[in-house]
Amino acid sequence: MNDIDFPSLLAEISSAVRPLSARGKVADYIPALGSVDPARFGIAFATVEGKVFAHGDATERFSVQSIAKVFALSLVLAGEGESTKLWRRVGREPSGNPFNSLIQLELERGIPRNPFINAGALVVVDHLLAMTGDSFSAVRSFVRAESGSADVDLDAEVARSEALHGHRNAALAHFMKSCDNLSNPVGQVLDHYFRQCSLAMSCVELARTGLFLARHGECADGTQLFSSSDAKRVNAVMLTCGTYDAAGELAFRVGLPAKSGVGGGILAILPGRGALCAWGPALHKSGNSITGVEALDRFTTHTGWSIF
Amino acid sequence: MNDIDFPSLLAEISSAVRPLSARGKVADYIPALGSVDPARFGIAFATVEGKVFAHGDATERFSVQSIAKVFALSLVLAGEGESTKLWRRVGREPSGNPFNSLIQLELERGIPRNPFINAGALVVVDHLLAMTGDSFSAVRSFVRAESGSADVDLDAEVARSEALHGHRNAALAHFMKSCDNLSNPVGQVLDHYFRQCSLAMSCVELARTGLFLARHGECADGTQLFSSSDAKRVNAVMLTCGTYDAAGELAFRVGLPAKSGVGGGILAILPGRGALCAWGPALHKSGNSITGVEALDRFTTHTGWSIF
Amino acid sequence: MNDIDFPSLLAEISSAVRPLSARGKVADYIPALGSVDPARFGIAFATVEGKVFAHGDATERFSVQSIAKVFALSLVLAGEGESTKLWRRVGREPSGNPFNSLIQLELERGIPRNPFINAGALVVVDHLLAMTGDSFSAVRSFVRAESGSADVDLDAEVARSEALHGHRNAALAHFMKSCDNLSNPVGQVLDHYFRQCSLAMSCVELARTGLFLARHGECADGTQLFSSSDAKRVNAVMLTCGTYDAAGELAFRVGLPAKSGVGGGILAILPGRGALCAWGPALHKSGNSITGVEALDRFTTHTGWSIF
Amino acid sequence: MNDIDFPSLLAEISSAVRPLSARGKVADYIPALGSVDPARFGIAFATVEGKVFAHGDATERFSVQSIAKVFALSLVLAGEGESTKLWRRVGREPSGNPFNSLIQLELERGIPRNPFINAGALVVVDHLLAMTGDSFSAVRSFVRAESGSADVDLDAEVARSEALHGHRNAALAHFMKSCDNLSNPVGQVLDHYFRQCSLAMSCVELARTGLFLARHGECADGTQLFSSSDAKRVNAVMLTCGTYDAAGELAFRVGLPAKSGVGGGILAILPGRGALCAWGPALHKSGNSITGVEALDRFTTHTGWSIF
């Protein structure tokens, strides 16, 4: 890794991908997201050795949205290990459907296909809520500790907006409740879920937070969150299910475990090397950041660091 | 009609169908329905001339459930006529799926296929609520007037039970809200819907109430609820969509417009002749009363009064 | 019926509906159908008393396509009666999907929902083939006898064209063969099916042929094809399943059992009164003739002869 | 790699997994496959340095079935490179459905989701057929060269049996033909596909053949089949789509690109290290070898050689 000039590489990538933002569309299902400037772009690479390289709007906070699903899942596995009953309530297969589809959920009787589609993430929140009594605070404490930013918090306007426009997620939650796959009250699960989605973090903070997956489960303070097997498993779920209905495409083009959010962020793990986070609010119709995915593609092409 | 001995016919039908109740299963998704004795059976035939013939438990009130959907739809058409915008919000096609399926609703972007599947009935309630300010009271007033029983009302325990176990309907309602196909708050629509389902009426009362459809739109008091064209249209929707996923089967076997409910009632219209209501709580897996459908079949076979 | 001036009525209907043809599109999946002039229009009404009224291109032969499915089904029921095993191989429920969809067929494991979607019609042909050894000839003999036109035959160019472009139907047939729901070789079933679809008949001939369903099963020569119960059942299947994914709409608007074909023909039954056939090649996106459906609507509105 | 005792490891794995065969079921959709002894088990590991370790029935030939799809895909990419139009005809997303489902194919208008479900593999064969004039011979020549066994060939009885019972695949092919996504005649594509599936190879031969993917595109003779990027891409498709509806599960448990066949074989790639092939005819309901998947799991657990 000594021979790669990361500052130059990230700068080159930024220049190359910024123009692509014009081809995408900022998420506008809630007003709070729709007002973000589509031309923003930031990128940060945190190494397992502790260095952080960044470029552009890399310290600007944005709505992490679905990226937080990785942390909630990791906390469930950290708390319960291999004996977790979570996998009786949610599968591990790619979904082959839009991320908020009810169709698959009904065909499979209320058992979401994986923990990263919205239905699955609601189950994870419900599970973590039962484990901790406060799912949102558990996730927030974790990202504060790993990112090193004690002031990471939710964007209250986004959270309110999510709740107001969250009828699709409410439909998923009520359906699963009707299948006995939610243990807490529907309203409570939705509340913790919406707040978790509304966490605001920067590329630098997300890259730092993602390092525990690159370091085989080791946290920022040197303690072990969970086993290296668990870290590998979370990476595997990210690779096969982390980018909505484009996971196959991303594995083909980029070849890294990654999780995206409709806020325009995307966090990728390079096992043993580091964590890379890019942010560009303009989305491809698949729901992934156009500039973010292109940035990851260029990073792995240049470094040769695909996992395959 | 003079030469048919209805009292004997209804008695014969009762004897013939009662043993079939053992083959079915009482609806048990809510405790209040599950406790009904599956062996009960009643049947009533009200003629357009004003006579009523009845047998068995024909004056025993039961939970009308989906049968009330016919009255809510009729009130919307009565109030708005051909210019109603209801048909922009709900289709008129048979559904080919279980009556509370989310799959079709999602494939068709929140426009229910017809007003008698649950999603469609929720839209009808929402529409009637916007028209009247109180959908439930409008339906209750109507059935009180037509049945001649001023004390017809909801079964409060059933209504409470519906609300407690109504997560599937809540999922449908939230999904349609996310598609902008509900104008009132989700909770309010569900409340009126659950109360409407919980109306308790007897076979005699339901047969009397159904007469307006046999009399081409004429109410019990001689006024016209709506045009004879509207009456035909409601009959057509009952024939093609009135008995869940068994409408084709019922048209084939019975050949009458009919609407069933999971409380075990089924109301059939004989245009120009009368209305027939049977009740038997044991349901076929299609959701229709086993003894009720068989009773209708025998009635039309004997009288030759299919519409085909 | 004495007081209706049918010649004038049919002429008025023709004038009113002809302009609508511009809103539709002639079926063009095979060249032989695509070359028909979309502005053609014919209508014929045959009464149970034996009179025939006609207007426009009512003696022009066109490709009957799916209308022939009614005759094949009737011949199976005529040959096997109530004990037929056909209903173990095909359902009687409306389909709620395009008429050549594989999705529903797979979800229901190779048992088509009804005998009028393509998959179901292939099963009927397979069944009739096993009964008679020559399904196509059986249907042709029947329509020749009932229409009174001994020279009714297939359009060889259409039949060839169907076979060349019949990959969707071949997919359906192979799928059902894989589910053990075809007894004859796939190629043979397809051949008889394509020839049956390619029969060329006029409105007058089709209206005459349809009379057996209006006369409760009685053929042109006074013999009984099947019981009046069977006639009612075929009518019921026509009403609920006869016009692709618009059966509910047609029941609502027209209120008659009817079967349409993509050649632009539509045959409606008025039980006890007669059979009405209209032809206009321009199709609505549902696959039904635009002018044909409108003509039926006007005919029943004027006469008041809906079944409801 | 020096410190791993592969002969002992493979022996231990064999002992551990053999008893599991009782939990599965040999594929019996064709008689030729159904007669194989479920208790057979073989495993072979070929290293990029050229060593081969094997245990059990590792030199016994079995029907490779879907494993051959990897080689056909690789030959298309080798011939056309990045400019290939194959990806306009087939996607790269996991399917989330049984491998021979028509439903998804219809929903996505004849474009299979990936090259490893049957529909996608038929498109690959069609593409290779257009490129080479003889798809089957191209694949056979390739596996002969890479495995070093010049007598590798199809099992004629299996090929005949596949063709006789191939109605599901014929349905897929006819459907895609109707969507203009097959260029060659349906019968010809099926013939090449069935023969390709019927190739008989041993674990040792398959492991040796798979080495080009572990060596970043380099063939047995030192020439480059395609670029290292292409090799990574094939590995990515194997990881996300290679094991039917259990790809997510396999990534989670094993963490290696792999392709399985219903003959009971499974071939996994360890990039930069080697290729591992296990064979056990008893299948899990997902279609993957029960003993084979367990063997891969134990191999990666012991060596720590997951890609994550």
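Points to keep in mind about this one:
Read from first to last, the chains carry the letters A, B, C and D; within each, the first residue is number 1.
Criterion: contacts are C-beta pairs under 8 Å (C-beta built on N, C-alpha and C of every residue); 3 or more make two chains touch, one makes a residue touch a chain.
From a predicted model like this one, the values you see are computed outputs, not experimental measurements.
Among the remaining chains, none touches chain C as well as chain D. The minimum number of touch steps linking chain B to chain D comes to 2. Of all residue numbers used where chain A meets chain B, over half belong to both copies. The two sides are thus made of the same residues. Chain centres here are Cα averages; for chain A and chain D they lie 32 Å apart. Rounded to whole angstrom, the centroid-to-centroid distance between chain A and chain B, based on C-alpha atoms, equals 47 Å. Centroids of chain A and chain C (each the mean of its C-alpha atoms) stand 55 Å apart. Shown for chain A are the residues in touch with two or more other chains, of which there are none.
By the definition of touch given earlier, these chain pairs are in contact: A-B, A-D, B-C, C-D.
Listed in rising order, the residues of chain D touching chain C in the complex are 101-103, 105-107, 165, 167-168, 170-172, 174-175, 177-178, 186.
Put simply, chain B touches chain C in their complex at residues 91-97, 104, 113-114, 231-233, 235-237, 239-241, 245-249, 251-252, 255, 257, 271, 301, 306-308.
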